[in-house]
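Notes to accompany the following structure.
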Amino acid sequence: MTGSSFGTLFRVATFGESHGPAIGVVIDGCPADFTLDIEHINRELERRRPGQSPLVTQRKESDEFELLSGIFEGKTTGAPLAFLIRNQDVRSKDYESIRDLFRPGHADFTYYAKYGHRDYRGGGRSSARETASRVIAGAVAKQLLAAAGISFLGGVVQIGAVCAGSYQWDQVEQNELRCVDPQKVDAMRGEIEAARKLRDSVGGIVEVQAHGVMPGLGEPVFARLDALIGGAMFSIPAVKGVEIGAGFSSAAMHGSAMHDEMFTDGFHTNNHGGVLGGLSSGAPIVVRAVVKPTASIAREQRTLNRDLAAAGIETKGRHDPCVAIRAVPVCEAMLALVLIDVLLQHQAALGMRGFYSSPQSIQYGMAKDLTDGC
Amino acid sequence: MTGSSFGTLFRVATFGESHGPAIGVVIDGCPADFTLDIEHINRELERRRPGQSPLVTQRKESDEFELLSGIFEGKTTGAPLAFLIRNQDVRSKDYESIRDLFRPGHADFTYYAKYGHRDYRGGGRSSARETASRVIAGAVAKQLLAAAGISFLGGVVQIGAVCAGSYQWDQVEQNELRCVDPQKVDAMRGEIEAARKLRDSVGGIVEVQAHGVMPGLGEPVFARLDALIGGAMFSIPAVKGVEIGAGFSSAAMHGSAMHDEMFTDGFHTNNHGGVLGGLSSGAPIVVRAVVKPTASIAREQRTLNRDLAAAGIETKGRHDPCVAIRAVPVCEAMLALVLIDVLLQHQAALGMRGFYSSPQSIQYGMAKDLTDGC
Amino acid sequence: MTGSSFGTLFRVATFGESHGPAIGVVIDGCPADFTLDIEHINRELERRRPGQSPLVTQRKESDEFELLSGIFEGKTTGAPLAFLIRNQDVRSKDYESIRDLFRPGHADFTYYAKYGHRDYRGGGRSSARETASRVIAGAVAKQLLAAAGISFLGGVVQIGAVCAGSYQWDQVEQNELRCVDPQKVDAMRGEIEAARKLRDSVGGIVEVQAHGVMPGLGEPVFARLDALIGGAMFSIPAVKGVEIGAGFSSAAMHGSAMHDEMFTDGFHTNNHGGVLGGLSSGAPIVVRAVVKPTASIAREQRTLNRDLAAAGIETKGRHDPCVAIRAVPVCEAMLALVLIDVLLQHQAALGMRGFYSSPQSIQYGMAKDLTDGC
Amino acid sequence: MTGSSFGTLFRVATFGESHGPAIGVVIDGCPADFTLDIEHINRELERRRPGQSPLVTQRKESDEFELLSGIFEGKTTGAPLAFLIRNQDVRSKDYESIRDLFRPGHADFTYYAKYGHRDYRGGGRSSARETASRVIAGAVAKQLLAAAGISFLGGVVQIGAVCAGSYQWDQVEQNELRCVDPQKVDAMRGEIEAARKLRDSVGGIVEVQAHGVMPGLGEPVFARLDALIGGAMFSIPAVKGVEIGAGFSSAAMHGSAMHDEMFTDGFHTNNHGGVLGGLSSGAPIVVRAVVKPTASIAREQRTLNRDLAAAGIETKGRHDPCVAIRAVPVCEAMLALVLIDVLLQHQAALGMRGFYSSPQSIQYGMAKDLTDGC
């Protein structure tokens, strides 16, 4: 019944539909006395915003937010932070034609099956517009994590059949595809253009990393750090697969090649992707998520109407041909939301242990920063 | 702090270390008046048990459990079901040599970093022995789900570089690798033998499916069915990647190929793997998890001791060369635990809606059962 | 860290401070396809609103809300319902004088001790204004519960030293004190006037009842229905005690007098207050909560400033001399929020049991409706 | 569905029925590296054990526990602590006669209504035997809290019509009634004997206190410290009312008398009972819970059988005539479980704030220790 909140100690709850009056997010558990950087939140939102380049949807979404609570004289009070974004540029009429139709690849049929009554306009609650709320919450988390020395990277590593060959993280925000490999930007753009010409869409793979994560975060068994990260990434619309470190390629590896040896200056390899035994190892956390081709395509497809009778459909409206590009800041946000929560839990244990012993913080990580290919 | 429990309405909590007195599991929320099939639970445990074939560890683990509560006259009472398994064949001395060493690929270092004090014997809490508790809980869930028409399949689809080419689910339990493709059994066995000769280990990929799942299970946004499944699979030791339906291959697909059209007789394809918009679609749920090569290998590796000084290590003890085989029932169990929980939540909503309307259950699914390759 | 949400399946999260831009509430888990009665929500809010009579604060609070999400064509969609109330008539300057002072009986000191940084204006997050959000959520819950045959009563049964002698529930909303005993209205008003003349405040006791609750709601042990109700009532500002049924008077009773016998036409007495063994019995649920005298009084009191140095304080502003009156709808709301949650959980179990047996719903209750004294 | 677990970061789950093979408790979230005092746990259990004096039940319960996990070389590892107590002296035949009858004041009817199928032997899951598990968990919590300077008091302050007049906490464990007032022991004993002669039972009131609690624990709104404490106390079988500080007597008080002024040497009064605005104030936390007369009495009462037909019943077996005495350690345990959880949450926030500011811990409390009457 209740899937719209996330986290245990840093608890994020989003609300709102694509074509309703507003969307928003409430963060309960933000530590007090923290000076919030509103401009940073805006910059993060800007990265997710539609209309940034010809390669993404030209829909204009105002992502201007209002901060309604939890802040006083520029600093957090420990009370819930509530952010509100009004919806604008809502062309609900575009969706009249799909009122009774289930678009393939969309949530239309499953929401109808679940709820009996649905807001079909623009995907309603299932719209990716909801992810703006996550980016806001993720930005708050990132600011707190930055205070603890944790930083994030995110970029596109594959579009269509084109994979990044090298990683140049400082180039990611310099190209409109957020591609980590500047030499593959043209080829990836070609994949998108080819799909668009066919009135089709194409998939991609996003990689995000967190650096500076201290060893020992996460909780064993069901709340393993990789379980939390995996769940968080799969909660992003269109994600159909997630891998950490060597991921699926570890199937074909031998243990002696896979298992990263430990050296006094740190790990020399990071096949484990920063998570060992379900806990952070000190090495960068490396996660990849595959984003399926955009569900909305302008080609005719066969489907059913709500009487389960056969029908044809062409999805109109303004859609990203490759939604992976705009998924990058969302993946970063979800990773940040996981990490702030486990870091808070870690602090709880450390603080309590301080009453009866002297817990020491172990510093360990990569010998040098990782660059990797897909 | 608390990662050892799972689920909202069907809540499973495991406890116990590999070399402590016992392991066990408590299930809170099992519906009452259900006749529990104890033999079925034993059969499921048997599938996970070590020592079944020359390809898995020869360690003898007694998996005989005692049911301590929650049952009366053969039927559940609604009170917590507590299962206890005593540990036996515990050769703790095998582990004396690693008391102060961090085995590469293991949880040794990260547990030490987190807790300061650890039970190093046999991996302690991080041991895969904990998964016996999950199989028990999963068996209870499967029995309840069977009453609702939901059934499970699970098998190995890749070991080392060898992929299954065809799917013959009825052959899975006929071969010691639990391989879905009988024609690939020899090649896969070759991969394992080759690793073993090198005193090494090798990875693999497990696929599990749930059939008969009604449309509409799962909750939007953070508790999407794929998010719950993804998190559940990543909570299994050694899993480094998870994909649903077409998974990572969707990166290179066009939307028109990816998005399964709907027909009056059902879906003809299942690239979405039974989950659309975060909710079940009625098509079989199809999940693959990659299991990294066993962390314990008998080859010497470089590592550190607890003073972070350089050391060498060879892991002794009796270990599976390819842990993917025994991961199959564990993956099924985790999928079952996810599904019973969302099914219960679905019933809550349906029951409540029954007070003011007449919610109809929509039947939909695959036109015919799927067989698929990796 | 996160105390602003309530409930498991019907999850309510409130936000907002007394003198910030807005307060609000997000309800996650409201069943779909329900026609929401907006006017009913307004009427419930009206009952809590300040300024209704000379006996309550003359502060004008606009409680006009905006419903931002979760509704489409007048019916719930299953998505979170978000309600927003803008703050108006905010005289923050009234509070400049207490910026550095801790008002006795208030949350000033404890919030400062906890957070280091606080919004002192009007109590900020600790203000009773937050309870408007609860009344909204409670109204939604009441509407759903009404569909299941559950209704609510609430009134004042004691103010100062004056106790109600008889219960006439139909008179409650006819007098400005919401007193259940019309013959005690004048005496109770006298208590309030006497306190007011002394620039002081006075306490009171509120009783709320739920009728039509089917037997078996609640969960054993820690989520006993009385535990949930007790916790919910104590979460209301100023509540210092809660009792169910005979409550504290049961200390002096013998078991033979206390324990309500069962008859074929129902219970003839309700000392158990509708909860037996932690589960609803079918009899009306009867709860009383004591509301301490309003913390804000205009008499000088000794206190400390934030340097923990001695200071004197007179609390200005417009305050209720007896906050129990306006607590009535809040107590009802909290009881409704508990009941909708346990009813949903009950439906989950019933629905699941329907797959393998035929669970019957047992009808039982009071032989006739209860009237009782304090 | 799931009411058998308690707490967020220090999570306690109990299992087991009165006449099943065993009861037990799993604690997930106990901080690591803590030297557990097993003897202290035994002493706490001893305080709850039946058969200590002629005034309590002569049933012999072995409360010898086995610690199954979470400990290594005498110290906690951070993994779940699982405790097991085997049931003995089980005279299930005593209960054959009530197989189909609902005992007044018991959970028989409500469990039947909820579950359809119940373990009627000795109350099954609803038996107070379950509270032994809570005492174990509470003892672990108390040990951790002691390291943080927090200690507990508990005693009986009323039995039948006899109230304690003065408080002498050092005398509590010196008398078999655990009465805080040695001069009232005989009178209270008289109340019990009088009830017993009538084959009846009598109620009582327990008071528990926590000293040394630092200001600022608890979370605003729904997780107010008083809400958590109130819910915890109401979760104890037979508790029908809870009050904090002045409690119900605050109804008749004026604010100027109720609200404790602050002085540089601390509070001089503690009407607020250590909780202000939902957070701890530094003053002792003072809670009273009323325990209804024991439900099992040997007098004939009218009731129904499971066909809802009229029947008579006399409850046989060995029962406490006044269960308040043995409730004392259970009330302490529940208070400890609340406090360890909020203390852990407080540490999380403090630790996180340490990354960006220097949170100071404010010391404040009572000028001198409180002694109070009922």
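Note that the chains take the letters A, B, C and D in the order they are written out, and that residue 1 is the start of every chain.
Rule of thumb we're sticking to: a contact is a pair of C-beta atoms (placed from the backbone, for glycine too) under 8 Å apart; a residue touches a chain by one contact, two chains touch by 3 or more.
Worth saying up front: this structure is predicted, and the values here are computed from it rather than measured.
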Point to revise | Duplicate of the A-C contact set - from B-C, B-D or A-B, the pair where over half of the pairs recur | key: B-D
Study note, to complete from the structure: Note: of the two pairs C-D and A-D, more contacts are counted for C-D
Exercise for review: Quick one: point me to the chain whose Cα centre is farthest from that of chain D.
Suggested key: A
Exercise for review: Measure off the straight-line distance from the CA centroid of chain B to the CA centroid of chain D, and report it in whole Å.
Suggested key: 39
Check your understanding: Taking each chain's centre as its mean C-alpha position, how far apart are chain A and chain D in Å?
Key -> 44
Check your understanding: Distance from the CA centroid of chain C to that of chain D, rounded to the nearest Å?
Key -> 25
Review point. For chain D, which residues are shared contacts with two or more other chains?
Key: 1-5, 8-9, 14, 31-33, 78-79, 111, 114-116, 125, 220, 344-346, 348-349, 353, 357, 359
Check your understanding: Which part of chain C faces chain A closely enough to touch in the complex?
Key -> 1-5, 7-11, 13-17, 20-24, 26, 28-29, 31-33, 66, 68-70, 72-73, 75-82, 84, 111, 114-119, 121, 124-125, 344
Exercise for review: Show which residues of chain D lie in contact with chain C when the two form their complex.
Suggested key: 1-6, 14, 102, 104-116, 125-126, 130, 158-161, 195, 198, 200-205, 214-224, 226-235, 237, 239-248, 250-256, 258-264, 272-273, 276-282, 290-295, 297, 299, 301-304, 308-310, 324, 345-346, 348-349, 353, 357, 359-360, 362, 364
Exercise for review: Report the residues of chain D in contact with chain A in the complex, numbered from low to high.
Suggested key: 8-9, 31-34, 78-79, 144, 147-148, 220, 343-357, 359
